[in-house]
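Please find the structures below.
Each of the next two complexes has chain A plus one more chain, namely chain B in the first and chain C in the second.
And then the complex of A and B:
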């Protein structure tokens, strides 16, 4: 627990450093000007959500292979955090859209696909809460997580690139090169690392909380000792 | 994998492919001028400025310019309202409105900024 506190403090300090760099070190860019600063929140949120969905599917697969409830906990927690970061990406994206395009929401292909992604993972929570039997819930939501991961790359990577969109081109362009000012690139990498650390801290916190809740349920007379 | 699993997976993937084929067209709100001409309601046409010929008429607060849609067709856009910031330097423009009398009457203009991520030379 002490280690978790120390890494919490390190993550918070690194986050303050990155926020300082975003607002005071990153230069304004051609075209976007000062508006570019939102990119350093928007891109990490989107990347972390994709990473979380992939982790969720990997743990779901491990659950189906081993039937150890710990993997289901990890899978569900990663999906929950993925949804949260996806929501942050959607909100920061809508703000970015307002200040660049002129409208918060225009059902642009990027916006439509992220909306479907939110619905897809949002539905998985509804599914989990509807099933009370722990093993049944773990099995069904693991299968759901694996099906979602098949759809996710199409929604995030394929469809938005297929249609012409108002969304800026990806940072890694079609020639697989990063056309970015070095200061911006280092700040973006630092922001990605901090966002990953933030994900890790939140993940540990929620896993611990779920574990405690499950144990309390197991000990209660209604719990039935199903763990 | 049992026979039941194979059948369920087949049904799920057939449904996904069906959805992909049927609904992909509706994933993009943007249409060409050719489609805009045949549509009665409000549509969104996405394209690029065909030349640096943006005319602004202050007395009627009207903006007139030619837009080339993604299919390559050009048409005159007439927009009443404040000129969006940096219109001349945009990567592409979305005009929302309707096609009438051989011109596109836009109620709203959305702007795509060029994403260069390079230091501004003015500073």
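And then the complex of A and C:
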């Protein structure tokens, strides 16, 4: 618990440092000006939403192999946090799109992909809430999570083929060259690390909270049938 | 008493035969799906009142009708077993893979039959001419096999929940989107007399093979306690 508090403090200090760098060190970019700062929140949020999706599926697979409810708890928590970060990525992306392209939403390939990721997250929550039995819920949600990750590569392949994109090239492009100012690049890497640390801290907090709630329900006179 | 242990393909065939027999006696799923396609198609045609529509809109309408038609009827394959109380018996007697194969074949047959009924009506009502019939049959076949494969697994998931009808569409749609978008794009090309690229044809078949393999791997986890 003490270690977790120390990690919380370190993460909070690092987050303050990154926010300072984003607003006071990173120079404005030609054409985008000050608006470029949204990128340092948007890219880490998108990164976490995809990472959480993969982690959720990995823990789902471990649950199906071991039937230990702890892995389902981890899978559900990762999905919950992933959904939150996915929402942040969608909103920040829409704001950036409005500033640069003049419209909040235009079904750009990356907007479409993130939207489908939101749909998958939403669908898995709807499925989870519709099942009361804990083991049944864990089993079915895990299978759905794994089926989603099998389908995801098809989306990554198919969507860029059918929708033209105005989205900037990835930081590391197809020519394997990093097309970014060094100060911006280091700030972006720091933002990605801080976002990952934030995800870890939130993950530990929610896992602990869910575990305590499950134990309390188990000890209650009703015995607890649902989370 | 003579007892005979059925092999895996025979069990799958027996389940398919049982479902076909039940369907033949009640004609519930086929009747509902046919009426669903008729109602939707006539609604669209009446609204258009003979006005011409572009190939992209026509392709989109065709696949939207097929998708919602599948959503209206394919969940029944497992939900019916759950409601009738026969799912437990099926668990006792049949191997998980045989159940999946039998139910998947039934759903594929049902959807193919509905597609065969829908296509002539769709072309007549919306006044569309098709010249690339071979390509259209290929896209429709592999497109609907993908829909049936995903829907069979999600139908079983939904049969274990408390919100069967609405949840089925919610959990199936995001999984089907890659197939849906590719099938719409390929159909649009066919309706404009362009042959779809090999990429699209491979994609449709590859998606089907992947989801059938994934469904087969995951179904045993769900079927056995």
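Keep in mind that, in the parts below, the second predicted complex is superposed on the first by the 213 of 227 C-alpha atoms of A that agree within 3 Å, B and C clash if a C-alpha of one lies under 4 Å from a C-alpha of the other, contacts with A are read in each partner's own complex, and residues count from 1 in each chain.
Definition applied: a residue touches a chain if its C-beta (ideal position, glycine included) is under 8 Å from a C-beta of that chain, and two chains touch if they have at least 3 such contacts.
Remember, predicted model here, so these are calculated numbers, not experimental data.
After alignment on the shared chain A, the placement of chain B and chain C results in a clash. When the two complexes are overlaid, the chain among chain B and chain C that reaches more residues of chain A is B. Of the two partner chains placed around the shared chain by superposition, chain C is the only one that A:64 touches, whereas chain B remains out of contact. When the shared chain is aligned, chain B comes close enough to touch A:36, but chain C does not. Contact with both chain B and chain C is seen for A:151 once the two complexes are overlaid on the shared chain.
After overlaying the two complexes on the shared chain, residue contacts for A:27 are found with chain B alone; chain C is out of touch.
Using the contact criterion defined above for the overlaid structures, shared-chain residue A:130 touches chain C, although it does not reach chain B. By the document's definition of touching, of the two partners only chain B reaches A:107; chain C does not. Residues 147, 150-151, 154, 159, 162 of chain A touch chain B in one complex and chain C in the other. Residue ranges of chain C in contact with chain A, taken from their complex: 150, 153-154, 157, 160-163, 167, 170-171, 173-175, 177-179, 181-182, 185, 199, 203, 207, 210-211, 214-215, 218, 221-222. Against chain A, the residues of chain B that register as touching in their complex are 12, 16, 20, 24, 27-30, 44, 46, 70, 84, 86, 89, 92, 94, 108-121, 123. Interface of chain A with chain B (complex): residues 27-33, 35-36, 39, 100-103, 106-109, 112-113, 147, 150-151, 154, 159, 162-166, 168-169, 171, 179-181, 183-184. Chain A makes touch with chain C in their complex at residues 64, 116, 119-120, 122-124, 126-127, 130-132, 136, 139-140, 142-144, 146-148, 150-151, 154-155, 157-159, 161-162.
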